[in-house]
Amino acid sequence: MSFERTDGRALNELRAVKIAPGYLPYAEGSVLIEMGLTKVICSASLDDRVPPFLRNSGQGWVTAEYAMLPRSTPQRKPREVLRGPSGRTHEIQRLIGRSLRAVVDMKALGERTMTLDCDVLQADGGTRTAAITGSYVALALASKRLLKKGRISRSLVLEQVAAISVGLVDNTPLLDLKYDEDSRADVDMNVICTGGGRFIEVQGTAEREPFTREQMDQLLALATRGIEDLIELQKETIARADVG
Amino acid sequence: MSFERTDGRALNELRAVKIAPGYLPYAEGSVLIEMGLTKVICSASLDDRVPPFLRNSGQGWVTAEYAMLPRSTPQRKPREVLRGPSGRTHEIQRLIGRSLRAVVDMKALGERTMTLDCDVLQADGGTRTAAITGSYVALALASKRLLKKGRISRSLVLEQVAAISVGLVDNTPLLDLKYDEDSRADVDMNVICTGGGRFIEVQGTAEREPFTREQMDQLLALATRGIEDLIELQKETIARADVG
Amino acid sequence: MSFERTDGRALNELRAVKIAPGYLPYAEGSVLIEMGLTKVICSASLDDRVPPFLRNSGQGWVTAEYAMLPRSTPQRKPREVLRGPSGRTHEIQRLIGRSLRAVVDMKALGERTMTLDCDVLQADGGTRTAAITGSYVALALASKRLLKKGRISRSLVLEQVAAISVGLVDNTPLLDLKYDEDSRADVDMNVICTGGGRFIEVQGTAEREPFTREQMDQLLALATRGIEDLIELQKETIARADVG
Amino acid sequence: MSFERTDGRALNELRAVKIAPGYLPYAEGSVLIEMGLTKVICSASLDDRVPPFLRNSGQGWVTAEYAMLPRSTPQRKPREVLRGPSGRTHEIQRLIGRSLRAVVDMKALGERTMTLDCDVLQADGGTRTAAITGSYVALALASKRLLKKGRISRSLVLEQVAAISVGLVDNTPLLDLKYDEDSRADVDMNVICTGGGRFIEVQGTAEREPFTREQMDQLLALATRGIEDLIELQKETIARADVG
Amino acid sequence: MSFERTDGRALNELRAVKIAPGYLPYAEGSVLIEMGLTKVICSASLDDRVPPFLRNSGQGWVTAEYAMLPRSTPQRKPREVLRGPSGRTHEIQRLIGRSLRAVVDMKALGERTMTLDCDVLQADGGTRTAAITGSYVALALASKRLLKKGRISRSLVLEQVAAISVGLVDNTPLLDLKYDEDSRADVDMNVICTGGGRFIEVQGTAEREPFTREQMDQLLALATRGIEDLIELQKETIARADVG
Amino acid sequence: MSFERTDGRALNELRAVKIAPGYLPYAEGSVLIEMGLTKVICSASLDDRVPPFLRNSGQGWVTAEYAMLPRSTPQRKPREVLRGPSGRTHEIQRLIGRSLRAVVDMKALGERTMTLDCDVLQADGGTRTAAITGSYVALALASKRLLKKGRISRSLVLEQVAAISVGLVDNTPLLDLKYDEDSRADVDMNVICTGGGRFIEVQGTAEREPFTREQMDQLLALATRGIEDLIELQKETIARADVG
């Protein structure tokens, strides 16, 4: 007897994905990305300064910030403004920043900082991977617009990047976990790949039960295939988008 | 020769207003309110605790939080999470909280707290008044839903409440200021009224030039008429909304 | 049958007001202002820097800070030093700052900042309005002294400014509310006027019951008359004061 | 040729000392203490709670807080509210607290906390020792008032306590240093004694030049004599004061 | 021509590892772990409370804290005490906590919290993996001591856990990176395994160049073999240690 | 019948003292100092900047930081990183800083800052005095190394400095208090002297019972003798140390 997902998806099926470009018109680039019920606004903002360690280096910087609206979850989550970012927030925004830095041409950016703001409107699992997939599109749209306006002389992006979560629930490998699956998973893995299928980051965590090399291989295969679909959707979205 | 507004509106004309109910489905009540380019998400969240000074009082509490997405503005605004809420944020959330408390039946609420979260997606002037107008609808929808589910035994709201800004630009009284008008205004006034036309709060500030009693009367008249339209739109939105 | 105030004052009567100049001799200008039992020290301090947004503008800045001694109240209030300024403190210091900025000649000040420190020794209602009335005198004394010392070439002040609270208690409009009246008021209004009788700020708040246009008119009339007396007392105090 | 003090005092002469009782009428006990130009408000406040480590011990606690008004000094000092108490503030409030705890009968106090708030209006050297001398009087007045009201059954104070600074300037031992002397001193010593002449705290610090045993003996002798006068003045002030 | 490591090690060779038990005698369990020049003190401390979400669950909790002495690095690193933990610190202490929680029998622990403090004396790469390997020994020693004292009735540990870093430098897979290798690596991977060879966490990051599936396989193989040696050393250390 | 110390020492006997140089090899100078069970790592770090008030003065600055490992005590002490330094920490680091500044030739240092980091591995009383005694050696070793490397042209230290605690327990003067003695002491005194026997700081505190002049004299004599031994040990340690 096989495992049944609460939303009826196949084990290796992504949730419905939508990427709406231009969601925050003031930003250089932006999207609203939806993966099932998970919804994240991603925007890319250009600033003419760099952190001190890059001054006079001719190179730019990419950084990310992540937050959840208090009512993005079934129970209201207190804002972090009174206490500072939690450990989880720090971990996620560092992951998003690293992932995007890996595909940006820092010389094409020049001594400027691109900030990716990821704000979660609704959370149903996979917000950090959705944030990476969406941030790439926001960044690519910003690159397109800045090129068009002549503010940069070549594209900022070297490769695409997209991310997905996979996991083991009841010994079954699942693609793109919803919150109810994520909270029951023995193993949770976030995989971030380039358009060319190479890895930028792999984070596999045994939440309950350690995992074998064979299980890891199954999860990586599942993730790789899912990411291919996201890469395709990103490509279409960027091609179609009007960057004004 | 008469004053010309950059968007061609009449001096006493509201921007296009839309109130979309149910924008954050996890919340007890929520809306996306748009006034021209200004867009604010308002949600109402119920918590079964009250602040210490109300314990064993049989009465509830209403409070508000306000934040802007970093890219809600043409220039990116740093998040307040690293420094705590600014003075402006404190002032706005206290104003929203007071305005809503004035129309809530605290005994009907019982010893529970209703939190109104106002998150600005896009800012083009008038975010605090839009937040109040939207929060009322979020609260009324929450009341309707809680009544339907039997969690309260009578409506939480005693009266409607809506808000608008008015101001003097080049000695001309204007209704519903956009950002470009607001930043040039000599006098800026926020007016908050009940459905019955009484005042809950009036805050008039001379940003550049002190104002006379006569000018104040003109501004109040302008605001009062604008609020009547908002009150009407709130009523329709609530009547039409499906609270699940 | 008419309303009786606990201190026997007429409904339109100010408390005994005293303004003692030179209370903190190190400051460029200072007063101790007393309105009945409410006592606030106001000092004006000149600093040779301006906030970044004014650098190279040729213009100065005026800002205010407000604090209460822990035992200015019948119950000791914890200091805010461990938690940062409360929302109430932010709101009050922004109000004081705006009110004074409205009457200062920023070009006469030049690229310097004047800070108004308002420290409450004893609180019996109306501390923010007393702080504004007193701060004006501290500022005018500073202006006089700086002129005398040749550090500025013309007066810093364009007009006088004074403030008072009014409110509705049991449907009765009262001038200059003491704490016991303030805590029972249905409507509380702070009014800030220039020497010429124009408004700088009007903040009317329904604490319990919304108010009508007619009630608002009564309160404004009451406030306007009270402020005239304060303006007179300020004038005499400044004329009389020896600025060393 | 002998050392000349800028205010003409003898080397072993205190500045003019005044202790005005009842300065903050809401407090259980309070004074304004002046030592020359140094002015400190000290108030004693009773709270019906104790820190966790004393719960169910039958004993009370005494603690102190210290702050300077921003314009207590010739140059404005920023408030600590945005950054938290400085190291200097911590050090001073710990010293005041320890000194007063040494003379309080914690069983007579019962499970309650007495907080001594020391707020400096004007600073010309010796604020911490003035704060201790003044706090003792505030505490004794509070004890007298609480006894009179029957809230305690015996006096809270076991002994008097007073404090003074001494120092070496140009190899000359001086009593009660003003700021100009303090800032030039090679050695600075704060001495805190009981009414019976025993030491509660001695803190001698070489600011520039280490000191010998003989110099230390001279300074202690000078301090001891100065404290005797303060003890006398405290006694008279308390005897004379009306505690309402 | 093959790759040469600056310390002459083979590509698949660990640095010299030492684990000295009982380094902080007050702790329930502790070690000083050295991997080459990297030195970390790990201690395990038992507290009789659990976080709120575990109250009345019969289960315990394991958490970790990580810090570096300011002079554990060639350039002094400012302490985090004035700013709060950095993102990197949060990320590391969350990783250590998760890794140890995966091998602890939370029911054997009961409603108590075990805190693992990892303080870096000297940092030459691999501090987080050394902290995990050392923390396991500290925890096992604490378990042994608590068993001996009868404070727990069965061992707290279900399996061993150890960790190592691997990476790609100039396309060469290296085991146990020193700082100079880590700072040049294209790919950096932290691998955490149980005694039985299963994975608890795998974190592979492309610092410069994305990596292929084949490279990942090479790195995992290298790590797995290195961890086997650490597991052996842990076992001997625990067996040999006198837990008093 | 005479007083018996729990570790069998004579009343005027120091605990076993060890000073191990070069404990943190990355630092310009460092030691591990042990006084009985008390163990403190002291390191001296040179930075090429000075605080703003010394810019362009040609003089340097010396400052100190102090922290305890969480498990340096029998009960785990929470880290201060989440709350900022406590009052006790501030007080101790200010004391260490002042003591070392008194013996440093600030012109020889030039416009640079020397930071002394004192990290307590194990605490059994007397950590602040051990930190001073150890910091002097760390500083002297740094001076020796910087001289050898030609980064300074003459020694940074003008005189030695060492510190010890003394106290009255059951009316008995004791040298070098362990924690069990310290916690029972009526009087606690920290004494800091130069190599030439002069005082840099004397801090005597009545923890329970005020003390007489005669008792103070006894304690100072006891401390002075103890410090002579520490001065000797410092001298030997520095002479013997290889500064690389």
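Letters A, B, C, D, E and F mark the chains in the order given here, with residues in each chain numbered from 1 onward.
We adopt the following convention: contacts are C-beta pairs under 8 Å (C-beta built on N, C-alpha and C of every residue); 3 or more make two chains touch, one makes a residue touch a chain.
What you are looking at is a predicted structure, and each value in this text was computed from that prediction instead of being measured.
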item: Whole-Å gap between the CA centroids of subunit B and subunit E; value: 52
item: Between subunit C and subunit E, centroid-to-centroid distance (C-alpha), Å; value: 60
item: Of all residues in subunit F, the ones touching two or more other chains; value: 84-85
item: Graph class of chain-chain contacts, one of line, ring, star, complete, other; value: ring
item: Successive chains around the closed ring, taking subunit A as origin and subunit E next; value: A, E, F, D, C, B
item: Touch list for subunit D against partner subunit F, complex; value: 84-88, 90-91, 93-94, 98, 102, 159, 193-194, 196, 198-206, 208, 210-213, 216, 220
item: Complex interface listing, subunit C residues touching subunit D; value: 24-27, 30, 41, 43, 45, 47, 65, 67, 69-74, 76, 79-82, 84-85, 115, 117, 119, 121-122
